[in-house]
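See the structures that follow.
Paired with chain B in one complex and with chain C in the other, chain A is shared by the two complexes that follow.
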Partner chain A sequence: MATPKEMLTDWDKVQFGAVLPAFEDPEHKKRSKFHSYNYSVADWRVEKPVFNRELCIDCDFCWVSCPDSCFIVEEVVTKRGKKQAKIVGINYNLCKGCGVCVEVCPTPIKSLLMFPEYVDNEEALKQWPKKDK
Partner chain B sequence: MKKIGSLKEFACTPDRFQGGHRLCPGCAHSMIVREVVNATDDDLVISTATGCLEVCSAIYPYTSWDVSWIHVGFENAAATISGAEAMYKALSRKNKLYNEDRRVKFVAFGGDGGTYDIGFQSLSGAAERGHDFLYVCLDNENYANTGGQRSSATPLGAHTSTTPRGRVSYGKKQKKKDLTMIMAAHGCPYVATAIPSTKHWKDLATKAAKAISTVGPTFINALSPCTTEWKFKPEETTEIADLAVETCAFPLYEIEDGHKLKITYRPKVKLPIEDYLSRQGRFSHLFKPENKWIIEEWQKQVDEYWDYLQRREEAGV
Partner chain C sequence: MALKYELKQKEVWDGNMAAAHALRQAQVDVVAAYPITPSTPIVQNYAQFLADGYVDGEFVMVESEHSAMSACVGAAAAGGRVATATSSQGYALMVEVLYQASGMRLPIVMTVVNRALASPLNIHGDHSDLYLGRDAGWIHLIANNPQEAYDMTLCAFKIGEDERVRLPVTTNQDGFLVSHTAQVVKPLDDDTAYKFIGEYKPKYPMLDTKNPVTYGAQTEEEWHFEHKANQHKALMDSPAVIKEVFDEFEKVSGRKYNLVETYKLDDADVALVLMGSAYETAMLAVDKAREEGIKVGLLMPRVFRPFPYNEVAQKLKNVKAIAALDRSMPMGTTGALYNEVAGALAANGQSAIMTNYIYGLGGRDTTVEHILEVIRETEKNAKAGKRVTDLQGFINLRGPKLSFN
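Up next, the complex of A and B:
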């Protein structure tokens, strides 16, 4: 079987039954460069979601409803020994800026907000709405 | 069958359908696909009919799938997956399996064009032959990939590029085909409807896990709101899907063994159908005074269908 590199010599030399493997090394789940995970759709968006870790309650609603699987999840084991997903951040290479995550965020002051693309993330966190006293 | 616990546990599943595909921002297709492929721990073989999902997830040389994936034509997603399943059975009979301790499950995805219209013959045949596979229909109610033509899933009065609204026409004149009931009439052991939403994520995930673990042909009809052709803002996808359930325009139910119907979600207060229609640009012409009768007709049909489902659930037939 031809390797992806051999297949991509010329457009008219694509082989029949070409296989595009998702993983270069399936054992360690090392993604090949032909996996769309390594492709960037960042230039699609006008506004970007900014994630505020301090307000997040780890409900994972954003993870389940994100169409582009761009929420980075870390596995944490709780005191009771249960597995639990903790949202760590957003992969801005994959995010298209649709805003579904902001819509579904359930916290009283949303832990995800849309900001224009040119605003720095740290700048955005400073502009976050404060709690009413 | 994978146990679907809380969302916090479910979110620990490594994604098998990755981002970086070129579906529209806010597309519900990828939400459904992610949940379905994450709802099992077994190895998967997936075939996808031509449509948005296939076109956007496999632009050469990129692929978004971490599972075995076959792309086929519009009309034969179910035929291909039944062929793959038959070959797997034959190999296992001859003890020639590559990896014997892993079980392989077969899933086919199709849009509503590839399921309701063009792919219906192969789906019907595969269901009749009784292959062990799950078919998921991503029902966005038009041919979104080719520019929004009407399909037999398009509901009454909807504006599409082949049933345009205007002085003469009010959009599509026919009502939606009830494919879920047609598949149940094939005697499939498990048939269900589902939507992508945060409120009903567990509904979809458990239905997918149940369908994948059921032996025999199973079918899930998932409503997939299309931001481009239904004409709403990308961030409203899950809201629109929720409204479809709350107004009973797309009720959530499952049918076992072709007859045991169970409604899996009952809205506490059944909202009027206007709430669902008014949020979508494709129905905006229905709110003109001369088209009011279409909304009344819609409401009548929805009420009758909801009544029918409830009576059928009570009677258990």
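Up next, the complex of A and C:
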């Protein structure tokens, strides 16, 4: 995990005993600069999840399960006038490629699949498995 | 409130009882231990004090020494004054957690009764376990008799818990030779002892729920080096605090301790460097050798870590020949004390002739006569102006002469 340069402290200024405060202010959940929220783990990724909007049923399992809050969600209004969360994509700046989303995706043909990092997303969608006829 | 223990001005205690009383007087919050010979009576006596109402604290029985030290780490991180005791195999099982304790800067005090490491199994005293924990980031204090075992244990709390140090400390005494040898000990009364150590001041206690903290963080290549350097600096700077504590202890007890102890070294041509109970045997040997006309003195690092290398070199400045006596088999090299002293001399541009002796393994007797022999051999080197004896010798070993050059 690459630590942003401005966060690196010198040997004489490191946290005593590597004891880390969880939050600077627990009341307001203000995150300390060492909190994992402030790190990007995207450079860990060797395989990426690709999202297929055509097959998605908006169950939000992936959104709930993702440890890095990668799923981009839009609020939409259904035909019946009900508000609903619609998954529209993946933020690859946050995704570490763990594959949990693919694991939990319930559609008969997965709407999320892992592809090698170098495969273009549009190319990946073309390679998507088809229903047996 | 804990009951006061009525102590006489002079008590007859063995090293274990002395250490147990020091733990009692420190009013330790948590002792987690897995008793092992020869340090069992420390834990046993402490538990008795607790059961009899002389201590306000917790005694945690665990299923192994690894758990004992782990429980100590937990209790210390929670914000309590913590102590334990162990020996030999138990110490070896603790080693993994010893590094955790020092890395998390938890001032745990461990009263170690030094014993040989198996195999073959042996319950008697040597310094194998002390040397095993050498690089664990703890401060190691050496006691040569029950009085010192008591004094060092009291000092250990004050040293380790100092704001500028915050490191775990062991006090070491030789198995059976000190731990089970009853001698006259002059204890401090409970109030004086507790006042000397002082109230425990927790730092980042986990029980402070308003300020939650994480202990045991992971640091990879970007952080680990900096953290270890920070810890090393605390250890390297600790001699100043140790000296302060020893000075303060002199004021309350009248007993003076130094980073480096010496005996008749001022005018000596020949010096022996050793630590533990054999130091006192060597004192008698020195007196006898001086009757023979050999100018010999003794040196002992009271503090094995941080090793007081500059002080050692300074004290050995005018000595011609030195024998370093190690009570542990170095297994493939020269003994640790030899290496430390040789390094200290080299760093200061000194070049006394040095030899190494291995002695007393597994509680093997080392008598005045044996040490006299070492003194005589070392004097040969001093007289010749170069090393004429073997580099590494073995004291009181059966069989054909064993030595290495």
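Going forward, the second predicted complex is superposed on the first by the 93 of 133 C-alpha atoms of A that agree within 3 Å, B and C clash if a C-alpha of one lies under 4 Å from a C-alpha of the other, contacts with A are read in each partner's own complex, and residues count from 1 in each chain.
As a working rule, a residue touches a chain if its C-beta (ideal position, glycine included) is under 8 Å from a C-beta of that chain, and two chains touch if they have at least 3 such contacts.
The model shown is predicted, which means the values in this text are computed figures rather than measured ones.
Participant: More residues of chain A in touch with chain C or with chain B?
Facilitator: Partner touching more chain A residues in the overlay: B.
Participant: Which of the two partners, first being chain B and second being chain C, lies in contact with A:61: first, second, both, or neither?
Facilitator: first
Participant: Do chain B and chain C touch any of the same residues on chain A, and if so, which?
Facilitator: On chain A, the residues that contact chain B in one structure and chain C in the other are 8, 14, 20, 22-23.
Participant: Flag every residue of chain A that touches chain C in the complex, lowest number first.
Facilitator: Against chain C, chain A makes touches at 1-3, 8-12, 14-23, 26.
Participant: In the complex formed with chain A, which residues of chain C make contact?
Facilitator: Those in contact with chain A are residues 103-106, 166, 203-204, 210-217, 219-220, 222-223, 225-227, 229-231, 233.
Participant: Taking the complex as given, what residues does chain A use to touch chain B?
Facilitator: Spelled out, the residues of chain A in touch with chain B are 4, 7-8, 14, 20, 22-23, 29, 31, 34-41, 44-45, 58-61, 63-70, 73, 75, 82-85, 91, 93-94, 96-100, 102-104.
Participant: Residue numbers of chain B touching chain A in their complex, please.
Facilitator: 7-12, 14-15, 17-23, 25-31, 34-35, 57-67, 196-198, 201, 227, 233-239
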